[in-house]
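Each of the two complexes below includes chain A, the first together with chain B, the second together with chain C.
== the complex of A and B ==
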């Protein structure tokens, strides 16, 4: 289990992360979302023990991560720009990984060759960006880590490869309870595979929840009434956003859907539709509440 | 078999619950039949194993399946009608559809006839068992 307790981090005078509290259970896939510059990569680097926090604790299996070799050889951090030694071939790089990671499996490496279909004698720097990322995944999967930290992992991969990578991740989670932390701007990508989500904004963790709970707590409601919308009803509902399209009103409502829908129905609306939100919409509305609104910019 | 629409607004676990439910109701999955393990299904669908686990737990809660420790999940032989929540939802849907049918000009005897046929089929199916 990973525990982040009241963590602060600043670089020079700029505070990047403040008061981050987070727990990630073993065998869970945690999706880390956030606006640009929110501090996602910094948080990942702290969890990976590459940076040292100014205050607070970061524990993996109850032990501090920073400078802890024993823990570090049990996880892999796949950075947003994969790093390889200059002029190394895939084979040489695999040998290096085998030396560093006790859990590295030759067998797995060879099995995965069918997936990646690359020549082991190729120099990595000659490969394209997307293929280099594939190599990084190949090495990471072969090292059989207990924890896999992925920073924008699917950038540069084609749709077929994305699907394959996700599938292998899921197999490892199902088979050996690997824990995964994945950061991305691509909400759809995170939504597909995560069970828990954290939204980071300006160095603060706005939301950390089970994805299904998050989705069942906010809904899009379309209502039409004969005449105007009863103002009494509006006061009772926790409305985050509203819009009117002709006679149809669109509301984004927080709360338990069963409760508020029977409440709305008691006002006998002509039309009543309830839709769950996509993660993208949740992200936009949650951020909007914190003043990070989408505005149509006219130039 | 199961088909998850990742573009859908509906949470993945709800899609799983609904689809498995439908397969049980329509008889594609028979009483006592074993459901695929969480691991196998996760791999086949590329869906988070925790999500599949959650869907199985929900199906168990509403009585469609039961689990045996260490063996897996199985389709219930007889689905308990005691689940009022579930029944209420079906009733609401039925009402909505019937209203729609009448609005579109379906005659009331035609509607009744359809209902009767469904009831007859259901009872007939039972006698065959």
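== the complex of A and C ==
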């Protein structure tokens, strides 16, 4: 389990992160969202033990990460621009990883060669940006980490590769209970793999949610009544947003769907539809509640 | 929720082989270059020099192993270890590599040692290989007789100590900064720091402490080149590293290495590409730079105008401090367009003024201290600092009378403190050797006029003359010949005459000695241009030079009787005519145009009478600031411009010429 407790970090005099509280359970995939400059990379680097927080604690399995070799052996941090030693081939780089990470599996490395289909003797710096990122994934997966920290990992990958990488991540999470933290400025990119989402804005963690809870807790309802909507009903429902098109009313309602549908039905509406929300819509309303316009936070 | 599997940890070992391999790949070339350079510069050179033994020349004895291809060796001694540190610790200065290496499960201590030891191996192994080759060569060629000091072990240890120290200082700089270029500059600054700061402080103390002998400490300190590893190389060939020095270098290397490690474990890696990594060091860097450039500014202003006033020197300090402060700010803020924090600068200046005042006043004891006559064993007194002991010893006086006179002069100087406007500056250097074994050293520049009374007593003393004029101790029979030159300082007319028969020599010498003994203070400080120079060549080939003063009456008499005057010095016969005019001509003109201007001036008086010309020559000074200018036209076509030491003589000559 990863615990981030009341963490503050500033560079010189600029505060980058303030009062970050976060818990990530083992085996979950945490999507960290935020626009450029929100502090995503800094938070990841703090969790990876590269930087030291000014205040607060960052614990993995109850132990501080900074300068802790035992813990660092168990995770891999993939930076937004993958780094390889100059003039190294894939083979040489794999040797390096094998030497550094005790959990590195040569079999896994060889198995994954089918996925990536790259020549081991290639010098990495000659490869394209996207292919270099594939090599970084390849090495990371082969190291069989318990925690994989990915900073904007899908940039520069084509859709097919993106899908493949995501599949491998999901397989590893399912098979080995690997934990994943993945950052992105794009909601759609992490929506399909994350089970938890956190939104970082100007150094503060605005929202951290379980996606399943989030999806089951907010709904779009379309209703039409003969005459006006009963005000008694409106008072009872937790309405986040409403809109009227002719006689059809559109509500965004929070709460248990079963409970409020039967309650609404008791007023005998002419029309009643319960519609799912996209994750983006959910955030628009969630953030709107908190006084933020999501367009400013996620693009 | 258990993550770790214990059995996996057994796979990790203390040394990460692959990390070492990566380091070898990245800096191996530096080690290889070092090895090739060493082999080319020493064993190869020896092989070339000694393979053709028949060309061997007896005089061609080498001082030490450092004498072979010296430039290349010294170059490598400095450049290789610094390069090594720059390339090894480059990973700290590039964001991606810094992030990558610090995310690996290797703690910083281990990362440091992996890198540091790689550097050490690549510095030592090439020297070891070269030493082995040299050991074989020394046997094969039997080199020992061709070197004054052939000590291979010492050569090896010198390389070891020197390169390790420079490498460690380079590493230390790497830890302080996030930019490789700054690392290189910082390394250089640290290497020169003790030497430079010593120079700066000692030079500047003379402005703050009246009487502080900066010249003495700058010229007579034989240890000064030991203050920096870089200046130490100057004498490496003749003065190899002592075992002590090697030990000190190794100790310092270890110290810098430990501090580097300590700094590294606290390094905030996020400040990659910042000039100064540790924000607490920023003020140290900023104000350190400001202080050094301030001293440099004072020194520079002092050098360009040697007699500059205190205000001038202070301007130098302020200008230097401002330049240093702004450059430091530019480096720290990494932009040309800085927003200076004037508050900091203001506080700095207040602090500096306080320090200066405190040093100046707190050292009142220093400025006012004159040893009592009873305490003084002997005293060095001269207008120069001498480098060699022999010359210095000549000017050490032991006679109570002159000691007393010097002490009295010194007391007066101290009482008057800083002399206001020094119109006729007299540099004075005094070293008291006290009876308790200590030394008291002072250096002054005083106004000759204000201290005439005291200077007269010293200058006219027998001891002072004996020290100043070596000729007083010379016996007639030791002299080989005497040469009279007119060409120095009068290079307009070149005349030389020689006296070499024993009768002439004895008479000339006697006249000279008498004249010197009778020299008064006024004669000695006579402004009039010397007639020339008298060179006394002794039988032991030693030469003595005496300025041929116009006040040498007896000597002049002898010369006239001997007929030497016209052969050796400028006389009226060498002169076509002399023009005397009021001193309002443009001195920037060349002589031809000046002559035209003077001729056109109605005030100009032309002197053609031999006797009057002789009078002009007698009173001529080199200075052109007198009331009247004399323009001499020589028969050989040369021109000379001078003026009169005594204005009344000029007037009288003019009057006589007009008659």
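In this section, the second predicted complex is superposed on the first by the 290 of 299 C-alpha atoms of A that agree within 3 Å, B and C clash if a C-alpha of one lies under 4 Å from a C-alpha of the other, contacts with A are read in each partner's own complex, and residues count from 1 in each chain.
As a convention for this text, a contact is a pair of C-beta atoms (placed from the backbone, for glycine too) under 8 Å apart; a residue touches a chain by one contact, two chains touch by 3 or more.
Keep in mind the model is a prediction, meaning the values are calculated, not measured.
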{"item": "Partner chain in contact with A:85 - chain B first, chain C second, else both or neither", "value": "second"}
{"item": "Greater chain A contact set [chain C / chain B]", "value": "C"}
{"item": "Touched partner set for A:153, first chain B, second chain C, both or neither", "value": "neither"}
{"item": "Touching partner for A:163 - first (chain B), second (chain C), both, neither", "value": "first"}
{"item": "Partner chain in contact with A:277 - chain B first, chain C second, else both or neither", "value": "first"}
{"item": "Which superposed partner A:192 touches (first chain B, second chain C, both, neither)", "value": "first"}
{"item": "Chain B versus chain C as contact partner of A:31, first or second or both or neither", "value": "neither"}
{"item": "Intersection of chain A interface sets (partners chain B, chain C)", "value": "none"}
{"item": "Contact footprint of chain C on chain A as seen in their complex", "value": "1, 11-12, 26, 42, 45, 48-52, 60-61, 67, 69-74, 76-77, 79, 81, 83, 85-88, 95-96, 98-103, 146-147"}
{"item": "Of chain A, residues touching chain B in the complex", "value": "27-29, 163, 166-167, 170-171, 173-175, 188, 191-195, 211-212, 215-216, 275-278"}
{"item": "Chain B residues within the chain A interface of the complex", "value": "6-7, 9-13, 38-39, 42-43, 46-51, 54"}
{"item": "Residue numbers on chain C that touch chain A, as the complex places them", "value": "1-5, 8-12, 16-19, 21-22, 25-26, 96-97, 99-100, 102-108, 265, 268-271, 279"}
